[in-house]
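The following blocks contain the structures, represented as C-alpha cells.
You will see two complexes here that share chain A, one where it goes with chain B and one where it goes with chain C.
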Partner chain A sequence: MLLGKYGKGTLGRSLIVLLFLLLPIGMPKFFIFLLTEIFILGLFGLAVNLLVGYSGMVTFGHGAFYGLGAYTVGLLMTKTGIPFAAAMFVAPLTAAAFGLIIGFFCVRLTQFYFAMLTLAFGMLVWAIIYKWESFTGGDNGLVGVVLPSILSSPQAIYYFTLGVFAVCLAIQWKIINSPFGYTMRAIRENPERVRFLGIPLTRYKLAIFVVSAGFAGISGGLYTAFTKGAFPDYASWAKSGEGLIMVLIGGMSSFIGPLIGSAVLLFLQQIVTTFFKYWSIVLGFLLLLVVLFLPEGVMGAGVRIRFLSRPKEGENSNPGPARKEKR
Partner chain B sequence: MEVTLSLILAQAVAGLTRGMLYYLLASGLTLIFGVLGVINFAHGTFYMVTVFLTITLAAATNYWVAAVLAPLILALIGGLCEIFLLRRIYKAHHLLQLLLTFALVYIGVDVVKLAWGTYPKSLPPVELLQGGMFMGGVRLPTSYLFMIAVSAATGIGMWLILYKTKWGTIIRACTIDSEVADALGINVRLLFTLVFMLGIWLAGIGGVVAAPVISATSGMDMEIIILCFAVVIVGGVGSLRGALLGALIIGLVESFGLLILPQFAIAFAFGVMAVVLIIRPTGLLGKPAA
Partner chain C sequence: MAEAILEIQELKKTFGGLLAVDSVSMKIAQGGCSCIIGPNGAGKTTLFNLISGYHPADSGKVFFQGKDITGKSIEEICRSGIARSFQLISIFPRLSAYDGVLISLLAREEKTWNPFSPAKKFFRDEAMAVLESVGLADQKKDIFSGDLSLGDQKRLELGMAVAQNPKLLLLDEPTAGMSPVERVSTMELLQGLAAQKGFTVLFTEHDMSLVFSISDWIGVLHLGRLIAEGPPLAIKGNETVRKVYLGETE
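Here is the complex of A and B:
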C-alpha cells in the first residue's frame, strides 16, 4: 500500500498488512479487543514519538491530549446528536487547539522546563476534567456512548481502528520525511545551528507540538469509541508516562517502534493483571529496567524486526537524543 | 459569601501556610536540581510516603516521635535511590534521569496502596496543635502557626548551612561546576548523595508539618509536585530565594482562588505561572539562560 513506493520490503509490508487484516478472523473476542487496544495505544505512542523521538522534546503531559480527544468524542456523543464520524473528526481538532495553547508556553523553554511544564499542564487538564463534575461527570466519567450500528461488532471496531491507524501512520510518515520532518530532526540534534540557519525554532516546535497533540487526540477519541465511555484516567500523568514507556521500549530510533511498545505493554498488562492487581508498580519497575539497562529500547538492543525498522537506509535511522547528546 | 477584611486576612494566613509548605518541597527540589542536575519528579512521592508513614508511626508512638523519624527514614530511602539508581546514569542523557525519577512515581503510587490501602488516612488530633489564637479578629490555628514556624526555621537553617558553613560553600561550588569541585579533591559522589538526602528530608519535613492539617490520599503526590513545579517556574529554577518567593505567590494565589472558584483554585496558580512565563521565561529570580 502506501509504503510500497519506498522500495525494498514492499512484499514484507504487504504481508504484514494482510496479516493484520486477516488476524481477527476466527479469533476469540478478547484477542480482537487486545489487538484493537494495541493499535489505539500504539497511535498514542506514535504521537508521543513525533515529539520525543523525532524532535527531542520530552513531554510528560501528552496524556492530556489523549484525554481531550477522548472527552471530545464522549461529550459530543452523549450530549449532542452529532454523528460519530463528525465527533471523531472534531477530537484531533480539540486536542490540537489545546496543544496550541499549552504548546505556546512549553516550546519556548529548555528541556527541563519543558518536561516540568508539560507535566504540570497535563495535570491541569486532568484536574479540570476530574473536578468539573457537572460537565464531564467527574470521577464517574462519561458513560453511554452509543456507536453507529455498523460498528457494533468487535471486528468492526478493530477494522475501523486499523483504518484510522493506517491513515495516521501514512500522514506521519509523510510528515517525518518532509523537509519539515528533517528540520525537526535537525532541531533535535542541534537547535543552535538550526537557529543560525534562520529557521524560526519556536514556530517549528510549536507546529510539531500541535500536530502531535492532534494525533494523541485521535487515539483518545478511538479509545472512547472502544470503551464506550471516557474517564479522567485517560488524561492522567500515568497515561503520559505510558506514551514515554512505549517510545522507550520501541526505541526512539524506530518509526513503528511505539506500536511494538504498545504491544509489549498491553500483553504484559494482560498477563500481570490476571494475578497481581498493582499494575503501576510493575510499570515503574519496567521503566526502571529500560532506563538502566536498555536505554535505546528493545528495538535498539538488537531485537530488530526487519520489515519494521530499516536502519540501513540512513535517512530513517534516527539516533535518539539519548545517543547523540551525551556530554 | 460576604467578603470581609477578616475573611481576606484568614485566607492570607492560609495562603502563607500553604506557601511555606510549598517552599519546603520546592527548596529541596531546586537544591537537588542545582547540585545533581536532576529534576526529581518523585519529590511529591517522597512527601506522600512521609505523610502516610507519619500517621502510622504516630499511631505506634506519638506524633512528635513520628515527626522526627519519618523524614529521616525517607531521607535514607532517598539516599539508597541515589546510590543504587541515580548514580548509575549521571553521565547519560537528562531524559533518562527524568524517566528514572518518573519510574519512582509509578512505584510509589502502588507502594502506598499496598502498604496503606486506597482509602484516605488522617492523623488523630495532636494535642499540642489543637486550638488557635485570635489576632485582630482572625483565627490563627495552632497547626498553621506550627507549619509556618517549622518551615521558616528550616529555611533559615538551610540558609545558614549554605552560606555560613564549609559544606555549604562546597555545595554552592557544586551548583556552579561539580566537575571542577571533583578535580579539586572534593568527594562529589558523597556530596551528591547527601544533597539528595537533604532534599528528600526537606520534603519529609513538609510531609510531617502537613500531616496534622490534611488527610493522606494516594493522589497527593502529583497534586503537590505540579504546584512545586509552578513554584520553581515562577521563582526560577535553582534559586532558593526564588523558591521562597514563588512558594508564597503560588500559596497566596491558590488560597484566594479558593474564595473565587473553589473547584478550580489550581487554575489560578497556573494563570500566574503562565503570566510569569510570558514576561520572564526564566522565572522571577532565575538567571537568564546562558
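Here is the complex of A and C:
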C-alpha cells in the first residue's frame, strides 16, 4: 500500500520518486523493460479512468486513441523527418482531435449505448489501420522507428517514460481536483442533476472525452517509442479491454489505481506465461476474484472486503464511484 | 395580484394516450409561496417538468419574467433563474454535502470549466453559509451525501437549489418522507430563505394543513386540468375542489 500514501506528505512522495529513479540501476534489462511497460500501460489506464472512474462513462473503444497516438509517432518518425520530441507532442493532439470527432457522436448517448458506440468507432479505427496497408503497413505494422541516440539504452527509455508519466500524472491530479474535475464527478453521480444546475452536460462530456483521448494518445506514442514500431493490435478492442481491466483491478475510486492495475497485470502475465500457456484463463479467474471480492480494486481492498463485512442496513453499500446509483 | 414572475398559457402534454397536462394556464406572482395541489397523477410533476424544460410541451407557452422560455433546454432555463428540486431525491450520492453545494456554486458562477485551480479554494464562506442555512454545517457536510438521512438529503437538495441564487424555485414535494415536525421546520426554513434571498417559491405538497398555512396562492390540478386557483381561503371554500380532492382525503 506504499502508493496509497502518494500525495500525503512530502517525505513519502520523495521516497517513491527516489525509488523509481533508482530502480533500474543494476537491474536486468528484462526488468527495466517490464517497468517501462507498466508505466506506459498505467498511463493508458489513468486516461481510461478519467472517463470510467471519474465521469461514469464506460468506454470500450479507448484502444483507438492509444493506437492513434502510437501511429502518429510511428508515421511521423518513419515517413517524415520530424524529430521524436515533436512527434511525441503531436501524438496527444491527434488522439484528442479524433476524440473530438468520435466523442461528438458518442457523448450524445448514455451508458450501454455509449459503450457500444465507442466500441464501434474503436473497431473502425482498428480496421482502417489494418486495411490501409500502403499508409500504415497494415498487418505488418510500422517498423523501423529510429529514436534519437540519447534514448538508445533501456534505462534512457525508462527515465523518459517515467518523466512523461510524472508530468501527465501531475496534470491529471490538477484536473481532478479542479472545478472541472468536480464537475466530472458530479456527472458520474447524477448527470440529470448536473443539467439542472445549468451546466451544459453534453459539452462537458465531450471535453472529458477529448482530454482522456489525449492522454491515451500520449501513452500510445510512448509505446511506439518503446517497441520502435506501431502495430494494429495497439488499436484493437483487446487494448480497450486491457484499459478497463487495469482500472478494475486497481480500483476506480483510486487516482493511482490504474498504475497498480497495470503492475499487477503485467507482473502476473510475466510470471504466469513462464509456467503456463493460457494466460487468458488466469486473467479470467483474476477478474472474477476482483469483481467478487475486491469490487473497489486492489487500492480499495484495505477498506472493505465485500462478503466478509456486509455494510449495516442503511449504510451506503456500494461506495465504488462508477457504480450508478438510481434514487 | 403582484407582477407575474411565471406565466403559463394553454400548456398541454400527452404521454401516449394519457393527457397528463391539459391546457393549463396560470400566473404565478412575484414573491411569496405558491402551491400546486392535486391528487396523485394530477399532473403536478409533469407541469414542473414542462416548466423546467425536462419535457417538451406539446403545445402552449411558458413565460418567465416576461420572456418566452418554451422549448428552451434545461440548462438555458436554469441559467435564466429557475432552480428546482425533485420528488425523488436527486443529489450526488457519493460526493459530500459540501461538494454538492460547492458544485452548485461553481456552476452558478460559471467556474466549472477551470481545470487547474483547486476547487476547494472557491466559495468556502458561501458554501458554509448555505450549509449553515439548511442545517448541514456540522460533520454532516463531509460524509457521502447518500449516507445522510432522508430529511438531511432533502435539506441538501434545497441547499443546492438555493445556492443557485434562483429567482424562482420549483420544489416538487419538498417534505415528502419527513415527519410532521420536520415538515414544518423545513417549510419555515424555506420561507426564511425565500424572504432573505428574495426568490419566489412554487411547490407541490400533500400535507394540506401545511399548504393552507404557508401558501399565498394555490392552484388545484385534477386529471391534468387546473380546476381552481386563488388564495387559500377561496380554495377552501370551493365546492369543486372539496368534491374532487379535499373531500377524498379528509
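Convention: the second predicted complex is superposed on the first by the 286 of 327 C-alpha atoms of A that agree within 3 Å, B and C clash if a C-alpha of one lies under 4 Å from a C-alpha of the other, contacts with A are read in each partner's own complex, and residues count from 1 in each chain.
Throughout what follows, a contact is a pair of C-beta atoms (placed from the backbone, for glycine too) under 8 Å apart; a residue touches a chain by one contact, two chains touch by 3 or more.
A quick note: this is a predicted structure, and the numbers were derived from the prediction, not measured.
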First, second, both or neither for A:108, with chain B first and chain C second: first
Contacts of A:174 with chain B and chain C, given as first, second, both or neither: second
Of chain B and chain C, the chain that contacts the larger number of chain A residues: B
Partner chain in contact with A:182 - chain B first, chain C second, else both or neither: second
Which of chain B and chain C A:116 touches, first, second, both or neither: first
Which of chain B and chain C A:291 touches, first, second, both or neither: first
Partner chain(s) touched by A:238 [first = chain B, second = chain C, both, neither]: first
Where chain A meets both chain C and chain B, residue numbers: 321, 325
Sites on chain A touched by chain B in the complex: 52, 58, 60, 105, 108-113, 115-117, 119-121, 123-124, 127-128, 131-132, 237-238, 241, 244, 248, 278-281, 283-285, 287-288, 291-292, 295, 321-322, 325-326
Residues of chain C defined as touching chain A within the complex: 52, 73-75, 78-79, 83-84, 88-95, 99-100, 102-104, 106-108, 111-120, 122, 144, 146-147, 160, 164
List of chain A residues in touch with chain C within their complex: 174-175, 177-183, 185-186, 189-190, 192-201, 204, 207, 315-316, 319, 321, 325, 327
Chain A contact footprint on chain B (complex, rising order): 33, 39, 41, 85, 88-89, 91-96, 98-100, 102-111, 113-114, 222, 225-226, 229-230, 232-233, 237, 263-264, 266-267, 270, 273-274, 277-278, 281, 289
